[in-house]
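Down below are the structures I want you to see.
Next come two complexes, and both contain chain A; in the first it sits with chain B, in the second with chain C.
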Partner chain A sequence: MINTRIKNKSAQLIVLTVITFMLIMGTGCWDRLEIDDRALVLGVGIDKPEHQKKESGSETKEIPKGGLPKYSMSLCIPVFTNSSDSGGGEEEGGGGQQPDRWILTSTGNTIQEIVRIYANRSSRMIFFGHMKVLVIGEQVAREGIADILDYFTRDVDAHGRIMVVIANGKAKEILDITPYEEDYSPDYIEKLLQEGKGGASKIEGDMVSLLKSLTSSGNAVLPRVRAGSKSDAVVGGSALIKDYKMVGWLGEWETSGVNTIRDKVEGGSLSIVAPGTKEELMSIRLNNVKVKRDVTIKAGQPIFKIRIFSEGEVVEKPQSVGVLSSELLKEIERRVILEMQHRSIATVTKLQREFKADVLEFGDLLSKKHPQYWAQVEKDWDEKYFPKAEVLVESDAKIRRVDVTR
Partner chain B sequence: MIKDNDRISSWQVFIIIISTINAVEILSSPRRLVTFAGPDGWLLVIGGHLLGALGLFFIIKLGLLYPKDTLVEYSQKIVGRFFGSLVAVLAILFWLLTTAKTTRQFAEFTHLILHETPIEVIIISLLVVVAYIARHGLEPIARMLEILFPIFIAILALLFFSAAPKGDYTNLLPFLNTDVKSLIHGTIDNSLGMEGQESLVMLLPFMMASKDAYKAGFAAIGLDMLLRIAAFIVVIAVLGEHLTKVFLWPLEEIGRFLFSPGEFFGRLDAFFTALWVTVAFSAVLVYYYLVSLTLSRLLKFREHTPLVFPLLPVIFILSLIPSNVFEVERASSMISWVFGILAFTVPPLLLLISYIRGTHKKSGKDVGTG
Partner chain C sequence: MQLPEQIKASGDDSSNGVPIDKKIKNNIEYFKKLNGDSDDVIIREIRIRGLDAAVFYLEGMVDSRIINDDILKPLMKKGRTQKEKIKARELFLQIVDEVAPVGEMKIVQDFDELTLLFMSGFAAIFLDGCTRVIMLSVQGWEMRAIEQPDIENVIRGPKDSFTETIRTNTTLVRRRIRDPNLRIITTQIGRRSKTDVVLTYIQGIVNPSLLDEIKKRMDTIDIDAIIGSGYVEQLIQDSWWTIFPTIQETERPDRVAAALVEGKAAILVDNTPFALIIPANLNMMMMSPEDSYLRWVGGTIARLIRFGSSFAAMLLPSLYIAFTSYHPEMIPFGLAIAIAINREMLVFPAYVEVFLLELSMELLREAGIRLPGPISQTIGIVGAIVIGTAAVEAGLVGPIVVIIVAFTAISSFVVPTVSLGIAIRQLRFVFMIAATVLGIYGVMLGLLALLGHLATLKSFGVDYLSPFAPLRIRDLKDTIIRMPLPSMHTRPLSLKTQDPDRMDDERQDDLQRGTDSDKY
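== the complex of A and B ==
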């Protein structure tokens, strides 16, 4: 609407032109970025650089004279080719097929240095907004993950749903995988980690849960990934982070224990020695695991009480066990109870004695139920008080079903 | 004098107040509350808003004694031309600073997303649009906010409902584990974050039914209180006490990784940016108008219109004064303190003097001693 107080027709025209001009300028032209000017990063892997590996494009002043740069970072960037008439067309002659992804690796002393090198190698702007997975190689993780995390949490585009995993081996191997079931390895890894009902032996969690854990105690557990072959990865078990540094691995069994105690388990399965046999195993699938956690203070020492209630069904039994009956189920229940207890206690013991790291959120529980006590012990919790804390595990189980056969 | 068509309803007053109070702090509010009182931060909101309501009570009571006058006129009647004008000048300066500060905060936030756009361009774009509307008077402003308000509420509700299921509400424990000193400190800080309600010192005479001012004002404060408590609870539940302190804008962080209920939308941060733009725009609009209105009254102009555009460069320059994001925060806190002092002491003082001198019983053009 032109302000009709300007009666002069040419003045109206000028105003109109100016306004139109401003409107055009104001449509975010500075930040306009076409989609095909972006390099969408799906996954990032961080390793220690190989000795004497010279990356083209990294011959810049940033690499210190002598000594190796601190990080070798790899990006998994999908490449969208203009496959016009694919339809079964076999590409023969000429150079073969253009690959559908680019694993771009460079080295540098800080993440930002490496990102800058990427700008000299990739014709498109690196964009982390679609990043799904951050794989940190074991070697780097042992030196500390805080600085790496700082870059990605500060970045506006990277978001809290990024899965952070520790690679058993080199992170780049994980990104190199060409999975069968998904298009790109980051998708594959992300899905692997997300299928919740699958079991308790892997950690589910994204950047936000990791940060939550780290900011409250400096400790965390992260999923472990290893490259099984060129086309599959194996997840399971976890890496234990203490004070922002990786200090060791936890196996699948122990990870299940951690998940159970943290009340983050949705399912899982157990193998128990079948009743009436010496060592033949039968399998129970757990469908419902309820965990109650509590803590009391007695004589200045915390006593943690974990109550685990599991419901399960028999999914596999050896022939020597015979037909199942209610009494047999009760015996099975007993063994499940023992197994759950055993697993939890073994996990707690390992964390208390070997690592002295509380990733079971016990400190968190204390801070909520007994804040005054927590205020006193918080500083030395991991080293002094947690290892001595008494942990009681009560377990109950009910086997409800045996599926279809007797 | 007030143009007859420039009147606003009490519903519009409600919307004006809540749009303005909210803009100021809701983004960083959970972080500030957590810094003072940890998981008990939501208590501070209740206390702070009660204090704010008390301040508002005096403002409205004072305004109703002089139903046709704005602050400029009645303060001159109460304490004389010199001091009254001084009060008006203080108000103008305060609102000027608040406009600049909110504009700058808006620009900083937007700049994160529009990284290449120079911050000056963001500021100018905002101010030009705001100035255009402000020129047209109070009623169009009210109508604009009436349109924006449901959008604001809808987006906020979307954020809350998406985040709520993901939260661990035990993060709100331990309860009442904060010392009294921090509680008081935090409550005061919260009450200072309620800039916006003082707009009634100027806007009361524009109301069609000024006796409803109490209802509108307190309802606005009440709603804001609920919104802030909800925001705090959701943020603490999802992020936990410690992580909330890390982020500059915790609510925005949540938007970045949430999916809407039923996983329908992802990356809610687009909505969130829209929310913030709406909210900041509303606040800047109201303050900009207040500055020009008050100045026009002080200088005895018949209309505020000619002052609007000249103020633009002033606000532009003021908003660029802080040189980094932390200075913006500091400036913002300082201005909040000024608000606290002005809005909570001046109206009761004027009220008291008015009663003592009986100036409210006089009608007519008497300005000065009685």
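== the complex of A and C ==
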């Protein structure tokens, strides 16, 4: 004990206070950094490097086989300087002037290597706390996303709400977009993903659900982003990840099938051939989709039962369809039922036959309902058992409203 | 001959002071020596039917109309109408019985007692050959009228406030509680000032051990002068080292009356328009009397605002420092960009900004109190323009900090008790330092320490955080939310009152009246 030598009671107290104070002080202060001394990274895009050209300042000394570094990473950082035209942020959001941003690209063999290069290129500290999207280029994704995600799960500032998306093309092209509606492209992409979240054809792409899915099976679906033009991007469809590697694309229709089976759909709209016509289409807006999933085991084979119940309203119909009578509505309901069944079954079939990848959380369901069985099949689930699993899809639908016309 | 009762009563226990001499000349001489050459001491000598007499009084402390019309005039008239000589004893009784039409009268036999009464505005009538002196209460001095409260104003509620005169103040309380059990006990404290300090409570409600504790502490006060109630507060409070007030001060008589019927005690001090309510806890300091006058929803909303804004007043600047310097990820993205953009033009780190502006705010506040009315407005405008606009343009502080400091300043005025508001202001700076050094971690540490400190505080045996800690669910009816009045039929449990019920249980039917109205 330190205090044994200090006889005086008040002296003891002082020493104790000083020690406590020093302990507390020692834990803070060092990471104080003003907000304007940080480079707020909004988006990160990761591609394969294109050119042989070695980046100036790169620390890469040994160029690996093939001559190119592994990654080319781009950051999107909003730029604000005390130049006269920024005017204290008064013009923010107004006027035609695009806010400045800085897209900087460096190459390296690991993410950390590239971040170190940025530290040499930027006068501010690279800060991932406000990161919104992580765009991974298709080429990189096909080689594997495990190492990239590892960096962002370890970084103290990166957080679980980061949207991870796969670019149909180059990731940098997505960051290069100068959107009309938002100031910065990552912000724009994030809002695209969030808007209509319960819709059928968009995948939740946040880091937390991605990691949950990956750690349980190694498979996942990630949203697909395609640069539309200089100023817009399209979100829709998804990239299929199997064993941390991208294996293929799912279209919007199949993605909505995945979403339906995973019970991630709240609404969305679908088009069906109008009853009484040959190929005229009518639109139904679904505003409530309930899915019940169950699994039973028969003769050593799992049988999955998916029951889909959808509620919706008629939003558009061709003129040739007359007044919506109850018979007509019955017929419409039947077609909705078929459509929901069709998209689910088609998706399951594609996943089973083409990709042999369970992204439908069937394994998860099985492990909860039949843990012993799951323990036996877990190893070969994707390759052996999932493709052979029987999936029954039941569907029901109800048209609640036909909407008032005025 | 039988003496009136008052004469006997005060005649026995006056053995310690300098006794009154039989000869009036000696008395006058002694009294003049006692008072030096003070000009306000008036000694009026008259001769009534061959007997020397004298009236002593302090000019300015007495109502001279009573002295002239009701004392001197009848005495002189007595001398005019009847010429034969009279014995001192006879005249004495005549004066007691017939002359002085004054309610409060005392008979004294020694100069100590006499001086005390004399100094508080009694007139003394000396008779030659008599060792007893008649003291007549003829106090009357220039006093401030009862005015509207300055700092504890309400919209709906009584608009009177305490004045500097103790008797007026006790009357204001008495008028609200016409109960013989309302006790008003006066003691003189202060070796030189002999200030009237009144302890008031309602017998039968107040916890007797609380009363004993207050009396015990008041007895220990040994000071030359009590200039204001703040002296008494500081001499009897539980701990001197906390920044929180453990006794509540108020200038509103209705607040005192409400506290008395709740089972608390109050101390009124002469020459101070602030009463002290004992015991106090944090919860009651967050209340305004207005809460009880409004309907309960309005009162509840007002309290929610008050509790919320007191946290804002305490924490907002420190949270700004912590968020911008340590945890920018906690700020929503759009706001973070906006802050970063305008911080870009500034030279100082965030904590310097905030300290600079907070200190100048304190400066303005302090200056505003001292400056005479019209100028203080000017200074306010100058301060607002200089600090709000010029300092921003000069790049000393950012506009967001101005907003935060302004909001904090407004919030701090919402706290209804001045001394608690001061404590919160002081804490704000503590939290700002904590945030500067340690970020949110520091703020949380500070909050924990604050909570621990508050939990250890007691005010005259009552926990400072009650009824939150220790939790008394029944008392929560009158805290952050204010339940309808009929539901508050008990006095606070923490006060351990003798009579716990405020209403008959039948009165609780009032609550149900709304639900089954067909009964009526």
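Quick note on the criterion: the second predicted complex is superposed on the first by the 342 of 406 C-alpha atoms of A that agree within 3 Å, B and C clash if a C-alpha of one lies under 4 Å from a C-alpha of the other, contacts with A are read in each partner's own complex, and residues count from 1 in each chain.
The rule we apply is simple: a contact is a pair of C-beta atoms (placed from the backbone, for glycine too) under 8 Å apart; a residue touches a chain by one contact, two chains touch by 3 or more.
In this text the structure is predicted, and so the values were computed from the model without any measurement.
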Handout entry: Contacts of A:Gly300 with chain B and chain C, given as first, second, both or neither
Key = neither
Practice task
Please work out whether A:Leu40 is in contact with chain B alone, chain C alone, both, or neither, and reply first, second, both or neither.
Solution key: second
Fill in the blank from the handout: Between chain B and chain C, the one with more contact residues on chain A is chain C
Exercise for the section: Return first, second, both or neither, reflecting whether A:Phe127 touches chain B, chain C, both chains, or no partner chain. Expected result: second
Practice task
Report for A:Gly160: first if it touches chain B alone, second if chain C alone, otherwise both or neither.
Solution key: first
Exercise for the section: Kindly classify A:Asp187 by the partners it touches after superposition: chain B alone (first), chain C alone (second), both, or neither? Expected result: second
Practice task
Based on the superposed arrangement, let me know which partner A:Asp31 touches: chain B (first), chain C (second), both, or neither?
Solution key: both
Exercise for the section: Considering only the touch criterion stated at the top, classify A:Phe80 as touching first (chain B), second (chain C), both, or neither. Expected result: second
Handout entry: chain B and chain C footprints on chain A, overlapping residues
Key = 28, 31, 159
Exercise for the section: Can you check the complex and tell me which residues of chain A touch chain C? Expected result: 24-25, 27-29, 31-36, 38, 40, 42, 78, 80-82, 86, 88-89, 92, 127, 129-130, 132, 157, 159, 183, 187
Completion exercise
In the complex, chain A touches chain B at residues 22, 26, 28, 30-31, 153, 156, 159-161, 206-208, 211-212, 215-216, 367-369, 371-372
Fill in the blank from the handout: chain B residues touching chain A in their complex are 112-118, 121, 125, 128, 170-171, 173-174, 177, 238-243, 245-246, 253, 256-257, 267, 269
Practice task
Under the touch definition given earlier, write down the residues of chain C that touch chain A in their complex.
Solution key: 324-329, 331, 333, 336-346, 349-350, 399, 436-439, 441-442, 445
